[in-house]
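In what follows, chain A forms one complex with chain B and a second complex with chain C.
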Partner chain A sequence: MNSIKENVLVVSTLNWIKEHKLPGNRHGAEITEDIDLITDGLLDSMGLVDLLLFVEEQTGRPIDLKTVEPKDICVVKNLCRIALGNPIAQSTDGCEHAEPSCGNLLAAGGKV
Partner chain B sequence: MPNPVVETYSLLAEKYDDELNLQSCWGRATEKILSSLLIKDNDQVVLDVGCGTGRALSQLASRRPNIQFIGIEPAENMRKCALHRIESCPNIAIRDGCFEKMPVTSQSVDYLFSIFAFHWVTNLRASVQEIRRVLKPNGHMDLFFIGRNNGHEFIRKTSPIFLKHMGPARFLESARMRTQLTREAALRLFRETFDPRQVSVVESYETYYDSLEGHWGWWVRIEGQFVSIPSEARKACDEEVRRALSGLSTEKGIPYSIHSLHLMVRSGAELQNGSWS
Partner chain C sequence: MRNIVSGFLESSERFPSRPALVVNGESLTYLDLRRQAGKLASLVLRTAESNSPLVAILGYRSVTAYVGILSILAAGRGYVPLNPKFPAERTRRMLILSECSQVIVGNECVPHLRALLEGFQQPLTIILPEMADVTDLQTDFPLHRYLGSKDIFASHGSLFETTVSTQAIAYLLFTSGTTGEPKGVPVTHSNVRSYIDYMCGRCDLNETDRLSQHSDLTFDLSVHDIFVAWERGASLYCLPERAVLLPAKSIRENALTAWFSVPSIISVLSKMRLLEPDFFPSLRYSFFCGEPLSKSYAQLWQNAASHSIVENLYGPTEATIAISHYQWDRNHSPGECLNGICPIGWTFAGQRSSVADQDFNILSNNQAGELFLAGSQVTPGYWNDPEKTGAKFVRLGNSEDTIWYRTGDLVKQDWTGCMYYLGRIDDQVKIRGYRAELQEIEAVLRKACGTDQVVSVAWPVRDGSADGVVAFVSGQKVLDEGKALKYCRTYLPGYMVPHKIYAIDALPLNLNGKVDRRGLVRLLEGART
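This part shows the complex of A and B:
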């Protein structure tokens, strides 16, 4: 059984992102669990490395990057589920963004 | 295990001094730094770590024939170019090495400098300790390297593309190859090993504008770790990146902001006589 609940992990992850997000992005106030951190410019690759380390520290378990897709680690909701070993819901309710997520970009044939 | 960054630099050595590269934002920033280096009259041994093809060394050594210059470079073909360049300079030696392991006698260097190489180190603390080992107790140093917010315009546009083509594991692995410190982190790191009073860091942001082709000339160089993308995917990736960068275009050209950190270690004597402003 995981020692940390998913909703708690989501909140602490969002707080971490608020503290460490890149300057000058368009998300002045609201950062939600559904947005794509890379596509929306909140984090760069080094920021994502730091975020994964933070999440792994919170859960006490490593994330296997070889088995995940971009959308699994770029969207907080998905990342927290993966980090806790919980299955990701197949619905698209977490992907209703103004811009496509990394995963949707793949499906769209790579148009950026 | 071979270092992919070193291997990429070695592969690109022949093109390193092309006009396109020299006129790029990195070429211009490097020239500016080179003209700011201050070698003192009583310096006897000067060390350039990550000397590349030896451009800086040959310029400095031609003006200071009585000083012994040493260049350290891990990329084999870069060293070959440097050796060719310095054939007629008896006061320059080129050696194989890196920040973590320098083939230099302890406490033998009066002045150590490095231009845009320190962010490639694989072990920060070992590198700082090695610098400490080779510098004379009264030695001084100027390290220039890129900071945490370097190239933010490009990164924001290209990260989703690289993530898509590389996949999470490769994408994050490439991020781990480079160490981009904040000013505060750099200061903390060096103050662990050196007398804190002797260490200071100045950071700067300078935006360079260029054409897409102008930026593309150096893009391969700095992002050489992306050679891990399979060749078919690489072509598609390159096309998307070029399209994304074109979208940044302004009247002045495509902007790229270099976040540079200049870390200085000044000797105790300089502190005492107040010559360090």
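This part shows the complex of A and C:
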């Protein structure tokens, strides 16, 4: 577990999103490591590709998308863990344990 | 004559226990689906309070979305797909324009339903097949009538109407309109049957096949997926929302045998190194439609799906999903591409195409002109709009009895009848496969920015397909971009909302005194380099 590097990666990823993908009607403070970038409407397919390429550039290693679940790369916190090769604990519903944002998503009708 | 659910009914007799639909991890057999849809159809018919031929469906990648569509057709009505990803205001307009008085809603779309009902003044019958208790909605929006799962369970009837007129509307889709209002395209059972019959006659799909369902229901590629699959007794695999962006894993894990999407998806997968040779060994058919298919994308996909037939399909909504096709050939096709773009090929057997000039004179081979289409797949016109219908559904000089649809697409045709797409003759653009009128975007921008001096351009464009739109505004001392974009998001679907609004001193004009869109594109290109 490389927690310091992970924290740095999370911050730089969030900054990149705020700089390159933040719609004019959204505030940077709304963009957190827990939000789902897809269901929240921040990224489309090309935006997701740009984000993945940015994260790969930061870590210097490719993300193996052949094995990664698409739902896991839509949340910055999980994406950064995957990008660094750190495991993300999964429950049977696909949510990370003790992860409040998943619960909010489910309550909102989102599929996790 | 058979209608579009005839194939489903026959498949449910022949293959009752085979999977008809896989969605959200749930698998429904043909028998399951028939029972659920039949019960819901009975409720739809019993609770109809108007003679509207249409019922709306607000569902997103859920069982209710598909059971809803089938039940509406089983009730002898046509379906109007609504999209929870669209702004509520746009959905409200679509609902009003369609004149539907009934809506079937999946639980996943209840937040969107609530936004839609805010200020909605026409009483609706809202059917929520998964909701046991509808009291909250009834309390919050008392104008409307609500029916939940208990009402369906209480219903003893089951219905599958098979005597629907082939001229009845099977579905109504809304496309971008030039006046700022979405434009309805009613597609008849006869139109869709012609398409299904032709595609099923060409492809040897059977009950062991697994077809992708990638597009949203508001995009007519979904009609191909659903009804071609059910016609052949095959399984329909609805991709989950997040897998839509990167579908490679879903294709492999579910061993899909047929794929249908816009070509943009090839670009996405390619960039993420997900198109290795033979990466999709299960695919037998790969269809692409909705925007130009570049030579490089076709080659990449063919290498990744090495056992698959790869086809470029072409067709506007007004000609029912697709009306011409070009089968990719590893050896010959690269040499047949024009400007790096795959030909759109030959018109389906039984359908007709002509290339004509602006005075409707038919042009000879290899002359560039507007593509006109006729035949059993061409729809009857626009919904409740004789003016637009008259402008786009016309007669050509040499065929007075035939109604031709003006596509607005600039093409040329070689001596074999193979067609090559050259661009548009108007301001319509395709944004990742979605059709959009720049004029509609500009109509919203004018209100958003409080000035008439607005222009939008597709940007960036790669291989003939746009990633998005950017806008230019003049005549304002101070532009509040955030406020303007927020306004746009209220009225336009995401793909039509500009990525950026630039304030400039004056809009550049060309020699004819019109706004020089190309000049603006050159500005953007200059800024990029």
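Things to note:
In this text, the second predicted complex is superposed on the first by the 79 of 112 C-alpha atoms of A that agree within 3 Å, B and C clash if a C-alpha of one lies under 4 Å from a C-alpha of the other, contacts with A are read in each partner's own complex, and residues count from 1 in each chain.
One rule holds for everything that comes next: a residue touches a chain if its C-beta (ideal position, glycine included) is under 8 Å from a C-beta of that chain, and two chains touch if they have at least 3 such contacts.
Please read all numbers here as calculations on a predicted model, not as lab measurements.
Legend: residue contacts after superposition of the two complexes on their common chain; A:53 is shown touching chain C, with no touch to chain B. Shared-chain residue A:45: touches chain B and chain C both.
By the document's definition of touching, both partners, chain B and chain C, reach A:65.
Of the two partner chains, both chain B and chain C are touched by A:74. With both structures placed on the common chain, the touch criterion links A:87 to neither chain B nor chain C.
Where the contact sets of chain A with chain B and with chain C meet, they give residues 23-25, 38-39, 41, 44-46, 48-49, 52, 65-66, 68-70, 73-74. Residues 24, 61, 85, 107-111, 240-246, 248-249, 252, 264-265, 267-268, 271-274, 432, 467, 481-486, 489, 494-495, 497, 501 of chain C are the ones touching chain A in the complex.
Looking at the complex, you find that chain A touches chain C at residues 23-25, 38-39, 41, 44-46, 48-49, 52-53, 62, 65-71, 73-74, 108-109, 111. Interface residues of chain B, counted against chain A in their complex, comprise 148-149, 152, 155-156, 159-165, 167-169, 171-172, 174-176, 178, 180, 236, 240, 243-244. Across the interface of their complex, chain B is touched by residues 22-25, 36, 38-39, 41, 44-46, 48-49, 52, 65-66, 68-70, 72-74, 102, 105-106, 110, 112 of chain A.
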